[in-house]
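Structures incoming, each one as structure tokens.
Across the two complexes that follow, subunit A remains constant while its partner is subunit B and subsequently subunit C.
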Partner chain A sequence: MSIKADVQLDCKGLACPMPIVKTKKAMNDVEDGQILEVQATDKGSIADLKAWSDSVGHQYIGTKEEDGVLLHYIRKSGDDHNVEQKYENTITNEELIDRATNGGIILDVREEAEYAFGHIEGSKSIPMGELENRLEELDKDQEIFVICRTGTRSDLAAQKLAEKGFTKVVNVLPGMSSWNGDLAKKL
Partner chain B sequence: MTIIKMTAAQVARKLIEKQPLFILDVRNTDAYDDWKIEGHNFEYLNIPYFDLLDGVEEIIPKLPTDKDVLVVCAKEGSSVMVAEMVAEAGRDVFYLEGGMKSWSSYLEPIKVGDLTDGGEMYQFVRLGKGCLSYMVISEGEAAIIDAVRFTEVFTNFAKEKNVEIKHVFDTHLHADHISGGRHIAEATGATYYLPPKDAEEVVFDYTPLEDGLTVKVGASQIEVGALYSPGHTIGSTSFIVDSKYLLTGDILFIDSIGRPDLAGLAEDWVGDLRETLYRRYRELVEDLIVLPAHFMIIEELNEDGTVAKRLGDLFAENHGLNIESEEEFRHTVTDNLPPQPNAYQQIRQVNMGKITPDNEEQTEMEIGPNRCAVR
Partner chain C sequence: MSNKVAIIASNGGLFDAYKVFNIATAAAATEKEVAIFFTFEGLNLIHKQAMQQLPMPAGKEHFAEGFAKANVPSIPQLVEMAQEMGVKFIGCQMTMDVMNLTKEDFIDGIEVGGAVTFLEFAKDAAPTLTF
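Moving on to the complex of A and B:
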């Protein structure tokens, strides 16, 4: 199955350093938080894109191979630390599993690609940007544990849900970036 | 200023002659930390090419002007890009043709010494990967031991020396590099020998390399004799050539000994390794010159670039031959082993003939150092 990306970049057949040179350039037209899919055939691009992303502060999400083509997913900047979280009802990663098994639902508001490369088994994916239009998929009577990568997007999502009349909403901190439990994939 | 191409052969010369060289390695840091071009007088700076996309101004002051500067990457492309930027900033600079890929493939043939009646022993030093192959030449005939996969290097060398390759041996089923033995034998009509205990799963025909087997090379009948010496693998076999050289395969190196774990049976084979190193080899003449199938560090290279040392000297100096307690020996060779070689399980499959990857895939499998030893 294909993973949703905001921008796609064709680097098939290109040898190093071109995949990175083109990716760097393409990133200029990607908005913060959006996902870039880089299609490449050079095997060296896996390690290099990951190392490059880390060094410039983009979030390397993962790579999958499809018909001999490597599909790399990178989220621009992805650095949403140091933003003050406003939503008050929070729990920690460690507390989450106990609480969620008592009839609650885990709502993962990261982008589809991030969810695809690793999420908590049984969690529901609604990317932050789609939340407003997909509220009817959620049950107001159910406890909703909102999680993202670092707690920032989930904070905004929790606020949004509260605004829309959801009362049993909890933000999970710090989020998937420090999740130690098992991860499910959907590739 | 100008950009000049440097070949792997030229880098090899600089290494062997202990010349200075400044290497600007632009691969990512993990790759560099794992494996680089080693040299006695080489200096290094590792900055990934992707950190230099906006310019090289910051690193220019770090590049010396009194020695050659060589830019190195995995395959060449990125080093050319960075070299162009360095040249634009007004410096003369070299790039490594073919990158680490060609460094990993390069073989330097060096004569180790003379054999009876004009025979010669050659060592093929694969500097980038630490693999050592051998050719015994005597009056029109040749035997090859532990050939790496670049078969033309051996067949061309034989042509140059006007000798016919008659016997091709592998001391064991290799796990760190792909053997060229079988293909050389197919191309030349030579006999290919492999220890049967390592060959239970191979899918091609071979001649069993048994303990005590002796072949004669050339009119002067230089003797190549097999000595069963298990421990790195269950089939590992050494050779004594012309009563002068002891080819130890991956059992004994200059500054280390073989590891017993690459076929997944460390606990079973540690006793064999002990037996070979502390009993079988002890019964041999100490003046034999040990020629191993690998070196791990460039300090193991002699002045002329060969890797060779008297057996008696190794008994005195090699730590792995001087562990008195069996218990301690067992710990040394089974605990805290270095990481296993890249793709070693796949490489074993290739050497058994079970899979046949293309050249590109073989190159990928062999990336990185050989890691066959325990120090």
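Moving on to the complex of A and C:
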């Protein structure tokens, strides 16, 4: 299945250092938090784009191969800024396992690409930006454990849900960046 | 952590040119401040005519096919990209004097300086590379 990206960049057939040079330029047109898909055939681009992302401060999400083309997913400025979390009802990653098996659902508000490369089995994906339009998919009577990568987006999502009349909402901290349990993929 | 990459280009073959400009453009794309000091035969890499047809090492001419097949950009293309991304080119004044070359013999946008010009840039660069 294809993974949703906000911007796509064609680097097929290009040799090093072109995929990096073009990715750097393309990133200028990507907004913070959006996903860039880099299509490349240079096998070195797997290691290079990961190192490049780490070095420049973007979030390298993962790479998948499709018909001989490498599809790399990078989220711009993946470092969620150190915003103070405001939503008060929180639990830790460790507590989540026990709590969620008691009839609650885990709501993953990261981008679809981040979810695809590793999420908690059974969790539901609604990216933060789509939440407002997809509220009818959620049950107000059910406990909702909201998770993202570092707790920032899930904090905003929890606030949004509370505002919309959801009362049983819990933010999971710190989030997927330090998740030690099993990961399911959807590639 | 240093945000500078300093490169000395002292050889004038096609392979040398790729080593220099691939590292330089990759570093610039990684938001590093990059300067290349061109000295002795390294000056070929930015010489208006010489850079258009840099020699392969003797006996390695068959690599030409590999370069074409791998779709590797040409040296003038890499040079243009490097300059676009702000890589600083410094020509070595002393070598230019020895070889009787002037700034006009080289591509636009280069600086000319002595060893200290480069050393000043390189003093807090990591890494410094020599090709």
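Descriptive notes on the structure:
In the analysis below, the second predicted complex is superposed on the first by the 186 of 187 C-alpha atoms of A that agree within 3 Å, B and C clash if a C-alpha of one lies under 4 Å from a C-alpha of the other, contacts with A are read in each partner's own complex, and residues count from 1 in each chain.
By our rule, contacts are C-beta pairs under 8 Å (C-beta built on N, C-alpha and C of every residue); 3 or more make two chains touch, one makes a residue touch a chain.
Predicted, not measured: the structure shown is a model, and the values here were computed from it.
After alignment on the shared subunit A, the placement of subunit B and subunit C results in a clash. In the overlay built on the shared chain, the residue A:Ala184 is in contact with neither subunit B nor subunit C.
When the shared chain is aligned, subunit B and subunit C each come close enough to touch A:Val21.
When both complexes are overlaid on chain A, the residue A:Gly44 reaches subunit B alone and has no touch with subunit C.
Shared-chain residue A:Ile97: touches no atom of subunit B or subunit C. Once chain A of one complex is fitted onto chain A of the other, the partner contacts of A:Trp52 extend to both subunit B and subunit C. When the two complexes are overlaid on their common chain A, residue A:Gly13 makes contact with subunit C while staying clear of subunit B. Annotation: subunit A residues 15-18, 20-21, 24, 48, 52, 55 touch subunit B in one complex and subunit C in the other.
Contact residues on subunit C toward subunit A in their complex (touch as defined above): 22, 25-26, 29-31, 70-73, 81, 85.
The touching residues of subunit A, when paired with subunit B in their complex, are 15-18, 20-21, 24, 43-44, 47-48, 51-52, 55. Looking at the complex, you find that subunit A touches subunit C at residues 13-18, 20-21, 23-24, 48, 52, 55-56. Residues of subunit B that touch subunit A in their complex: 28-31, 48-51, 53, 73-75, 77-78, 81, 364.
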